[in-house]
Structures are given as structure tokens and as C-alpha cells.
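Shared between the two complexes below is chain A, which pairs with chain B and chain C, respectively.
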Partner chain A sequence: MSVDTTKHAAETPDTPQPWAELGLKEDEYQRIREILGRRPTGAELAMYSVMWSEHCSYKSSKVHLRQFGEKAPASDAMLVGIGENAGVVDIGQGYAATFKVESHNHPSYIEPYQGAATGIGGIVRDILAMGARPVAVMDPLRFGAADHPDTRRVLPGVVAGIGGYGNCLGLPNIGGEIVFDSCYQGNPLVNALCVGVMRHEDIHLAKASGAGNKVILYGARTGGDGIGGVSVLASETFDADGPSRRPAVQVGDPFQEKLLIECTLEVFAEDLVVGIQDLGGAGLSCATSELASAGSGGMRVELDTVPLRDATLSPEEILMSESQERMCAIVTPENTERFLEICEKWDVIATVIGEVTDGERLEITWHGEQIVDVIPGTVAHEGPVYERPLARPDWLDALQADSAAKLAQPANADELRAQVLALVSSPNQAAKSWVTDQYDRYVLGNTVLATPEDSGMIRVDEETNLGVALATDGNGRYAKLDPYAGAQLALAEAYRNVAASGAKPLAVTDCLNFGSPEDPAVMWQFAEACRGLADACATLGTPVTGGNVSLYNQTGEQAIHPTPVVGVLGVIDDVNRRTPMAFREEGQLLYLLGDTREEFGGSAWSQVVHDHLGGLPPKVDLERERLLAEILVNASRDGMIDAAHDLSDGGLIQAVTESCLKGGHGARLVVPDGLSAFTFLFSESAGRAVVAVPRSEEVRFNDMCGARGLPVTRVGVVDGDTIEVQGEFTLPLAELREAHERTLPELFG
Partner chain B sequence: MARVVVDVMLKPEILDPQGQAVQRALPRLGFEGIADVRQGKRFELEVEGPVDDAALARIRELAESFLANTVIEDFTVRVEESAAGATAPTGAAR
Partner chain C sequence: MTTRIGVVTFPGSLDDSDARRAVRLAGGEPVALWHRDRDLHQVDAVVLPGGFSYGDYLRCGAIARFSPVMETVIEQARGGMPVLGICNGFQVLCESHLLPGALTRNDHLHFVCRDQRLKVENADTAWTADYTAGQEITVPLKNGEGGYVADERTLDELEAEGRVVFRYLGGNPNGSRRDIAGITNAAGNVVGLMPHPEHAVEPLTGPTTDGLGFFTSVLKKLVQA
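Now for the complex of A and B:
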């Protein structure tokens, strides 16, 4: 096998190269030639093609993502911002939390189990690379129609993959979402969030500085996994008849990852690393070019020293391989021996593959011959940036004009009762325990709240009971109707969920799942969602710390609903002061906080009863969200409320049903003056929550809400073993439970 | 009754954590000289009636759609003549 060296490339400028097959456009290929002043070698072409792919370079999204930095609210909490492996926020008492959500959508469609499993593995390594111990994961998921045969293939595989990897790794899975909609039929969304905790002084950044320092690759051997995965999988649309190209699927090994975690935390503890980076998409191409460009010097790598699982791999393939469970560290020569010792103790293969130089170039050799000679920044950061054309979709006016107000509302109490049962048993509103019971939610012993609670909560310090809470939300139906408002509603809901559990919202991560950026309508949705989210973060004072963009989520011409998934992290000083969702005590008073309007556009009711999507999503009022959150956090800290549940899709009846079933107590509800029973039960007006107040706290709680100007309405009492809407209908809890809990086992069990 | 054996193996380029775990354990247990281990699955199908081309085609179909995950695994199908009774039952010594 002859190697395409830099010398050979300079001598043979006219050799045809497979740039198009690697996903590059002609002008991008020409740009590479300009940068290098010659044609790229095969290895260089491999590196540029993966690093300049949509997935790694954010070339279509970059111009819009800038707003997250530019509009970011000043926040004392932010320790490390966008651009590192993950953002880091100060959570007090000397602790910092790092969290991030990423997508693994396309691999999970091809091979659901391994796709979802390696999604967990990848995000866990991102968190680990910041110096933190990963403490929990969450999974926002979207699937096609619940009764579609392919959903039966994809969902059980994804759920088993998340459970298998996360459970083996010993990380609790504390929340997430499962949403069904036919728009995700050929494009399920598998997003994964991980949160880690560390002391402030333990933060580590990805950079390679100090000439003479060693570049150490450690973890699993490199194999043919996912070659071209990044550029081919994440940046190309599937053909209508399914995946045709099948690069080697990445297979994860959670036990190897566990060793990697413990090994990495030990080298951190002994302060042995200068810089560190995980290997994810684009593998060594990404790790070497990003580490080198972030550092002060250059880097030289002997690629033939990389330990291989398959000895026949070419240098191009080694550079592009996405083999899992690998990390790359920069270590001073004095510390190298100790670093290797620790790796050996954990049975982790570690190899010095190169060193930092005082030049400015990234040079890679293969058995002594130079195959890569580039300025690392041109690979890592100077990829193309596109101002893609935007166009408000021509169908949007008609969609927004198709208001949900014209839909037939239940004519009598019997119909109302039947629609409540239909709603709480619909796949999107039904209990998700069939899925979440497959995840270990309590391993490590610090889980305070987990699914189906409003947010997942983890105790950080066993002495002081400091904790963090996390929620992820995103409503593609709202975003389809209005992407600007839809993104804000996603943030508002996650923010509200964190506050409902008693934690103060601090910071945001987002996973923006959209269709093809080459479609101006999709690009407009993307731009609007970014603008909406950045504006809302500024108003709420919660900066975006990092996240991920997943484009090309479409089958043929049909894009998914725009689906910005937003994760919010909050902090609670004492987890004993948390507010759970369950109604636990008879006689406690139920209060509805916020304003209820006739808002049914994009609602669960319109989907379940009428299979309708049209009109406008609920109105966004961020000042109200902020006030509501303050009240919920204060009431929780001061012991004024015993339960709280945010109101979102499905409206009040959905929230009350969940809280009643969780607590095993019924409720008597009274329809407030000025509202129809229908609007009271099903409206999805934002900025609302239902709380259970002990009678002894009633006056104090009302006074607080009154003084702060938050509308509060007494809507009932915790009582009995039915949900009774006075003057309308009575539903036994047993009947509700049967309806709510049987749906998923029947579909997938 | 004829027996058809379907062997399912991970494709060569796919990571095999189980095989690797076995391989790592061998030297610890004093077994030297094994360079690599790949672990797979073997299915033994007792076929009613003749094992003709039609039966084998059906078995290939069931292997492809059910026994193997062809995204990450390869399989082979072979007929084991007069196998019934020839193999001692395994696991009887427990």
C-alpha cells in the first residue's frame, strides 16, 4: 500500500480525489487546496472532510448560534462558557456543575440499541473531559407514531440501549421525555444529557500547550467504527427507502467507559494533565486539531503508534474512526510515567502518540513519512460558514389561520369525561414507567427526584444537602406553529419544571433538532428558534452554556417538526426542602397559579381528540414565568407548599391526574368563575402550576402571592379516591390509573 | 429429522466487548498464545420434513430478519446431516 505523503501530494496536483464522496462541496475542496497551497493528501482530506461536516463545523448554524453568546445575560454563575466540551456553572459551596445535551439521532435510527448506547457514552465523556465526575443522565426522546410498526423496532432498541449502557456504567437516569409524532417516523430523535459535579479548582480545558509535552491516547483500541459516520450519517438525508449506506456501526462498551471515568478522575486528582479531550465524532481528527489549535504551539503525531483493533486500517481510516471509549490527554514529560502507571492500574491501554511542538503546525506521520501538515486552526475552526437563505414557509399563514378555536368542544359532561380518559391514556400523555422502569434511577444513592417528577434532582453534598435539579423540555408542535415562541415555550417549561421542584434555575443547554438547512423554510425555523431562545435566556437571566445542533433530520422532502430541546439546570441549597409532585395529604388545598386562557393551538387535546395542528401556540410571558418560579422556590424553601406540578401539555387535568395517581389520593375540583369546565381542564396557557397547600399555610401563601402580584385561584382540595369536577363528572382513580398506565405496555410490552 | 445450524457472528469490523473480555482473561488463567477472540451465537434448528432449497431459503430469511441483526452481524447457514441424537446433551453434569 503506497501512502499519500505531503511530498507526493505536492508533486501530483492533478490526482483526482474523492471529495464529493466524503461530503465536501467543490468550493470547500478548492478552499482546502488554497489553504494548503497544494492538493491535500488522503489523510488531510479525511480530516478536513469530517471536521468541515455540518455536525462538527456548525457551518450552517454558526451565524445564528452567536446570539447565545452575544445576548447572554450577565451571570455570576458562569465559570466556563460555550466552546469547551461543556459549560460549567457555579452552584455554590465551592462546587461547580457541568452539563450538556447532545443528539445521537441518525445512528439510533440505523441501529437503535448501539446508537442510543453510544449517545450516552459520548455525552458522559464530554462531561468527564471538563474534570467532573458524571452523576446523572437524562434522555429526551422523540419517536414516530406509537402504533407504527417501525416504532416497535426503534423504541425498544433505543430504550434498551440507554438502559444497558447507563445501568452498566452506574449512572442514574433521572428524567427526559418521550414524545410520539408521525413527523419523527423516519427520524427519531435520541438526545442525551449528562450532568457532572466537581470542585471549582478541578475544571480542565481542552488545550495542548507546552513544547515537549506528550500527547497520550488512552482507552479502547481504534477500530473501523463509524468511519465517515460524522460526515455521512449526520450530514446527509436518508433516502425515502431507508438507510442505504452503512458505515460500521459504533459499538459501545460501558465497562471500558467506567474504567475510563475512574482512570481519568485519578489522573485529574494527581494533577497530571495539561489538557484533555474526549474522542467523539470525527475521532482523532477532531481531538488532535482542536487540542493543537487551542494550545500555544503545534503538535506532531506518529499515527502508526495508535493501538489498533484491526491492523488493516489505513491512516485515513484511523483519523476518521469513531471508536468509542477513547480520550486524548496532554501530559508533561515528568508526569508521563505516572500517567501511564495509573492507566495500567485501571487496565486502560495508554500510548504516547506524539508531542506538542513549538511550531504552529499539526504534523502527522505514518511510519516516518509525513501525511498531514496543516495549521490546526484551519481544520478545527476555519471551516466554511454559510449564511443560508431563509424564507418564512409559505404554508405558515394557512397553518396559523387554522385555529383550534373552531374545533368541536365537548357538548356535555359525558363527552368531557370521555375526552379526559382519552387524553390521559394517549401515548404522549400516558405513564412512561414502562420505559423509565428499565433505567436505574437510584444508583449512586444520591437521586432525590426522578421521572415522572417535574425535574430530576441529585444531592451533590451529603453533609450540606446541596443539590442540583434538571429538566428537559421541547414541544415540536408549538415550534411548528411558531418557532420563535416554540423555543421560548420549551425554555419556559423546563425553567418552570426546575422551579416547581424547589430549585432556582441557573443555566441552559440546548439540542436543536431540525430538518435540512438547505431548505430555506427549515433554515428560517432554525433562525427563529435561536432568536427566540436567546431572547428568552436574556430575559430569564439563564445563559446558554453549550449544546448541540442536529440538522438534516428529514426523510425525503419531509422535515421533522422543528424541535428545540432545552435543558435547564437549577440549584437547591437543601434537597430536604424539595417539592415533589404527589398529592400526599387529604384536606390540603389545591391552588392554580397563573392565568388560564382559551389556548388550544398545538395542544394535546387538539391532537388527541381532533388530530389537529393549527393556530398559534400559547402566549409567552417570561416575566410571569420568572415571578412564578420565584414564588415556587420561596414557597418550597419556607414550607408553604407540599406538592407542585407544572401545567404544560394536557393542561390542568393532566397535571392533577399525575399528582393524584402518584400520591394515591383523589381531588375535588371546582371550575373557577369565568372559565368553562373545558377550558379549565384542557387549556395549555403557559406560566401556570398547581400546588397543594396545607391549611395551616393558606393565609401565608395567599399573602405572598398577593403581595407579589401573582394570580392565584383556589380550585379544589385533595380528597377521596376519585377526581371529581363538581357539576361535571367523577372519575375513580382506579379507572384513571388503568387508562393512564396500560398504554405503553400494550404497545411495546 | 435434519438439523440446520445458523452461526451468527459480529461483523469483523465491529467491536466485540465480550470476545475482548475473554481474550484478556486467558493469560491471567495461564492460557498463552491466543491472539484474538470473537464470540458469536449458534442456533440449532430441527427441521420438520426435507431440508430442500425451499426450506433453506426460508431459514435464511428467518435468520436474516430475526436471528441476526444484519446491521452489525453476519450469519452462515449449514445443514448438519443425521445430527439428531449424535450430540450428547450438554450441561447434564450439573
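Now for the complex of A and C:
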């Protein structure tokens, strides 16, 4: 069949086109015809369809995401904001950090190993494209019920994919989350975060400027995998019995990506590129249109020069392919030879596929015939924007009225003890080492803290000991009860986790995982979560630097819990001053910081003991979070605390259990006046942490908290080989360890 | 003059910068060697680092063994130059027939990353002289294909000649025969092991500093030589 050229398209306005199969709506197709003044060619239709997909264009979410910019707190730290491949923040001493979290949810359900693997690959290239050396990854994961048979298919595949790709890439995996809930049964969430570090002067942007500059495609050959990944896969709801979508999933090669990283860093070191962009979702369609629209001129590309894995691919398929491990660079003619030499050194295929022009159009030819002739901005940025209808869900009042306060509480000490064991051995609260021991946390030799610590911490400079800390958090149960508060609680927890390890929280990335935007109730949840997060970022002074939206996480009518996952990056001047979570020394005093209230809505206790979700999530007090963080950072810097652990799902007993097991020491706990033992142990009030204070620092630490107005309660002492709650029960550490550590191996080992 | 220790970078090497850091912290001068370069640049010893050389295509270490740099490393190792193979480097040494046996997929089929206790069985090699026989050390272990196998006669020979250098303690993490974590050649200059001593050289980033002894051992030996 002859190729559909622009000339042919102009002559055959009535040729039927497969816009619906490509995921476009009729009005969107008509808009494309309007922009072009003719029908699009097949290649143009392919480009518009992927770039205007929900995944690439953010057409449903854009109107809500604007708040992250509009409400952003003034921050001197922000060097590059939302809109680039990833945001960049100043971390001092001339260093900058770039970080971002993204979703790879839909592919990971279809094909868990490759879906999760290429999720890592994609986010790592985003970070690399900013000019940074990637230094660590993290994976916030959500799965269906732990004992569901399909979870046994999805989880081991996802974990093996993350390990198989990340370990082979040589990036330490330093944290993340693993959460089970039946709402994710048909829609697991596989989010991936990467952080990179560079000098300020090394920041690179995705733009094509300078007429005559070469467009170089380098990395893997282009194949037929991942075609329509963004439009068909990530932008629609799964049907229970639709056709297999496995061909829309990309296949990764981490070895190729490792070469791409080293090769790209060497190219940066010699300052050989004008602009650079990775090829991820929407492949070449995205890279060419975004580079060209961000630059000063146009671009001409000879598509038939693209190296192929499969010589039979059509131009449309080449433009839509999401083959992994590819990058696109803009290089001056003088530097082109050196650029190609470095690629050859690393055995990376590099091809000049076009050049920057002084026009304003993106023109693509196929064996000399023009198949694309567009204003690149219309493809990259002028996609449709929807003001989707919103409606507060009609079930929400009933859900919120179904308070956890009326659930039966343990009647005696024996029941309390049994519920503690049930909690710490439940899949969500149990040790995750069966998973995280499959990830390399040591490679690169700069990992200061890693899972299960509150945050992952990486040394940035071996001379000065400057470091960064990262935590990701999100609680879909809280967000289901109140998406505004749920998003704020996710931020508050990640912020607190970073501070608990001794680092000052600086900036935020988010991955907003929701159901179908075509459901007004889901859209309301989304809008509320965005509003909550933007407001909280403003109060805490931590701007959103970038992130990702994943919609259509829904099978049939069943949407997932709204799940905003928030990543917070912090900085620490001297990583030697970090605060680990382990109770390491007998005799140290345990203090509970913050206020404990009877808050059980959405709690782990209500889920584990009563399989209940109702009421309201814990109260949000962001000023308190900020004060708590300041105290934790100061106490770390001045050596007043030896251990700290944030209190979140599972409450105090979960935190104390983890800190005791990690340190190999027990604790004697005393229930404070005015609290029941049950509330003391299981409440999930926010804005709290438990710290271990050496006796020599007790006065100084108390004085600091008193002077700053932070409630502080002495709740016990590090001691022995049991956790004893005085007047209630005693649990040997060995029994707790057995309960806490056996769950995941039993389920998945 | 400082002692120069080369660390080879193959495409897909991951722990090469860590090995260079360990050499530096032990007081040596790390020298980066490139897989395509036959010239060893006057180094006194060589470390083959961990990672996935050439993507571990075909078999772990199978392609690296034919790289230009390995031609010289093999020749010099036979002449007595100290060579340490860590993880993927151990696999390369086995593929090169500088050490006997092979490394196979972990018996539980998962990648494993953990702090591993080891018993030093032989403290007379170029890389273990700073330890004492019977000493226990803890260093990170991280691999997917770390199960050491060899035929019974070879295993008996290794045992009889004292060429088992390290054994796993506290549970065999990968199904290695006779709990073997590392071995040496008959001359004691070539040592290979699956665990990663270069990740136990700083209290800040490692579980211990037990791994430093590998590098101080070889530096002392080279200064005496």
C-alpha cells in the first residue's frame, strides 16, 4: 500500500480514518481537521492520537493541576518547575536534585514483569534527560487482597520486574510502599520514583534550537512493542472480557539502559547537546513534537532513517512505538562527530534522523515523501482540555456517618495483646523484606538509609557529606473517606518521614492514581485531592515540582480508592547526623511527640480487626506537622535523639514494634494519663513521632519541645527483650518478630 | 609511590566505582581499566567488579571472558598478579578458567540482597592475609546467580588444598555446594567470591567495615613484594 502523504490527504478529504480505534473522540478528530485545514495523514493521526491521549495531554486533569503552580509557595529552592521532564531543586553546595514519581499501572496488570520493569526504565530516563546522574529509585506499590489468587500472579511479577530491571541498571532501591486492598484487585498501582543529582550548571532542557542542528536518535532500535501504550492502554477502563492488550506493553532491556545512562552522562560531561528528551510514552511522536515546540525553530525528520528491529513497521507504527531505552538529542553540526564517537564507545546505536529548521513546522518524510506537516505545538500542547463534570459521591455521607467509634474495642488485656499480634502480622503492617530483599540497596555505595527506614537517604558528596532523603506515602483508605484530607495526610506523612530521618523537607512530587474521569464522583475525588494537596504544599512551603496523573484505574464500574501518592525530597547537610529508626541502646527514654486522639477512621486497626472502612480520617494540622518536623531536624542536628520513627498506619504499637525489632531491643511502655491503652496503642492521629532520647539529653530535649510548644509525653524506656505495656500485657520480641516476618513469605515465598 | 590497583569496567559493570572507592579508602591508587583496552596501565593488581557485564547475555561472565582486557588479565594472573573477582567478577573468573566451577541461579530463584555472615577459611591468599583463619565477617551479598557448583572431585580438591576461602554462615543464601562463598587458585593470587566486600568499607554506608581487609591485604602484599 502506498504511503498516505500530506498531498494525498489534501486530495482525499473523505477517506474514512480509524480515529475511534486510536482512542480519539469525534470532536477531537474534527478539531485536528480544523487545525490542519484538511484531513490528517495516517502518520499525523497517529501522532495526534497518542499526544492527545489522557496520559500525555492531561486533558481531564489539567484544569485541576494548575493549582500546583498557582498556589505554589515561594521557594528559593526551585530551579526548574512543572512541565519539564522532571522538576529540579537546589540542595546547596552547587548541587541540584531532580526527582519524579510516575505510574505504570495498566501495563503492570497486563504483564507484571515488563510493566514494572519499563516503569523503572521510563522514570530513570526522565531524570537522565534533565542532565542528572540517577542515584536511586523507590517503588510505591498497591495490590489487591494479599490472599487473592491473582495477587500471587501480579505481585511476584512486579517485584521481579522492578528487581530485574533496577538491579541490572545499578541503581539502589531505597524505599517505597507495599499496600494490599481488594479495591486494587483489577487495578494494581505500580508507581516508580527516581532521583538524580547534578551540578547547577549541568541542567539540560528538552528543546530544539538553532537551525541546522542535528536531531540524533540514540539507544535501542525501534520495534513494534508498546504501540498505543498511552492511548489504548493507559487512557481507558479495562473491560473484563476485552481483547488481550499485551502487545501494547513495552519490553525492557536494562543492559541497554545502563549503556544509555553512561553514554549520556559522558555526552553531558563534554557539553555536546543543545537539548535532549527521552522517548517514553508516545515515543517519537512525543519527542519530536515536544522538542520542536519548545525550541525556536521547526524540525525536519526523515523517518525512514530510524533504525528498526522490524523492517516491516509502517511510519505510523514507528511514530507510535514505545520501544524502550531510546533518547533524542539536538546537537550542533560541529559536535555531531564527537557525539557519535561516544555512542560508539558505549556500543550505543546513534543515527542522525533530521535537523532543526528555521521554519515553524514539524515536517516528517518517508522515503522522500512528506507524511507529516504540522505546527508542533498543536500536537504537543494544544490537546483538548476538559472541564469534566464533578459530583460529590452520593454514598459519601453514609460512609462518613459509619464511624469507627462504634466498633467493638478490646474488652481486656488478652484481647488487646491478640489484636496487637493480629495488626503487626497483617499483610499491610507485616515486614516487607521478602520483597525489598530482592532489590539491590547497596550499589553505588552511597545508601545511608533504605527500607524499612522512614525515608531513604543518599549521600551526594563524599567530601562534605551532603545528602538527600526521600519518602513516598499515600493512604487510599483515608482518601476514600475524604479526598481533600487524604491528599494532605499523604503529604504530611511523607514530609514527617523525611524529617524523622533528620532531613529538611524541600519539595514534592506526586502520582495521582484515580478511577475514570468520566465518572463525576471520581472527578470530584480528583478535584478535592488536588485542592487539598495544593493547599497543604502552600502551608508547608514545599512546592510540587512535577509528577504524573493516572486515571482510568477502574475495571467496569469499580474504581480504586482515590490514591494520591506523594513523594517528598529533603536535604541534610551531614548524613552522619541522620536519625535511624532502630532503638539501639538500652536505657534510652522513649518520648511520644504530638497529640493522641481517639481517631480510628480508616485506621489499620479498623481494617484488620473489623474489616471496616468508615467515618473520617485523622484530623490534619499542618502547622503542627511543620513544628514537629523542625523539632525532629533540630534534634538530629544537635544530637539530642538516637532514633525516631513516624507514627502513621497502625499507630504507636506498630512504630515501636518496628523500632524494637530493627534494633534488637525491647521496650517498656507506660500508658499516659488520660488515654486508654487501646487509644494509646492504635490511634492514628497525625503529626506524631516516637523518639529515643539518651538520658544525658533528656533535659535539653524537653526544654526545646517546651519552648517551641510541642506536646511531648514520656511513654517508656528501651529495655529487655519484650515489649511490655505496663498493666496490660507483655510480648516477647521473638514472638513479635515471628508474627511480623512470616506473613509475606507464607503468602508469596 | 602508591600501589596501583586496576578496576575493570565492562559494559554493564555496576559496582566498579564502589571497588575504586574501596581501593582508595584502603590507601591504594584506583585505576579505571576499560574492557576494550588490552593495556593494564602498569597496575599491580586487578579487581573484576560486580554487575551484569554485557547484560549477562548467554551466561553470566561468558562474554566478558573474551574481552580484550581479559586477555591480558588472564595472562598476568597466570604469572602471579593478584586478581579479585567480586560477584559478576567471580563469574568471569570461572568462565575464564582461572578458577574452577561455575555459578548458577539461586536455588530459590529470587535475587537476594542481604547482610551475609561469612567464615574466613583461608587467610593466606593475596586478598585475605589481613584476616585470621576462622574469623567471622559480615558483608553484603546481592545476586541472582550465586549458587556455586563444581563436580565432587573438584570440590574435594578445593577442600583438600585449602582453596575454599569463604563459607556462608547463618544459612546458605543460594544453594552453593558445601556453603562455598569464595575460592582461590592454587597459587593464592586469584580469589573470587559472590559477596561484596567493597560495600563494607565505611560505617556510614555498609553493615560493617569488614570488607576493607581485602584491599589492605593486597596492598601490604604488593608493598612487600
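Points worth noting:
Note that in this section the second predicted complex is superposed on the first by the 742 of 749 C-alpha atoms of A that agree within 3 Å, B and C clash if a C-alpha of one lies under 4 Å from a C-alpha of the other, contacts with A are read in each partner's own complex, and residues count from 1 in each chain.
Please note the rule applied: a residue touches a chain if its C-beta (ideal position, glycine included) is under 8 Å from a C-beta of that chain, and two chains touch if they have at least 3 such contacts.
It should be emphasised that the depicted structure is a prediction, and the values quoted were computed from it without experimental measurement.
Once the two complexes are overlaid on the shared chain, A:Phe255 sits against chain B and chain C alike. In the superposed model, A:Ala129 lies in contact with neither chain B nor chain C. Legend: residue contacts after superposition of the two complexes on their common chain; A:Val575 is shown touching chain C, with no touch to chain B. Once the two complexes are laid over each other on the shared chain, residue contacts for A:Arg459 go to chain C alone; chain B is not touched.
Touched residues of chain A were counted for both chain B and chain C, and C has more of them. Of the two partner chains placed by the overlay, only chain B lies in contact with A:Gln114; chain C stays clear of it. Contacts of A:Arg441 after superposition on the shared chain: chain C is touched, whereas chain B is not. Touch criterion met: A:Ser323 reaches chain B, while chain C stays clear of it. When the two complexes are superposed on chain A, the residues of chain A that touch both chain B and chain C are 253, 255-256, 347.
Across the complex, chain A is touched by residues 10-17, 20-21, 24, 69, 71-72 of chain B. Contacts from chain C toward chain A in the complex involve residues 11-12, 14-15, 17-18, 21, 50-52, 54-57, 110-114, 140, 142, 144, 196, 198-199, 202, 204-206. Listing the residues of chain A that touch chain B in their complex gives 110-111, 114, 220, 223-225, 246, 248-253, 255-256, 309-310, 323-324, 347. Here chain A touches chain C in the complex through residues 160, 163-164, 167-170, 253-256, 258-259, 346-347, 436-448, 459, 462, 575-576, going by the rule given at the top.
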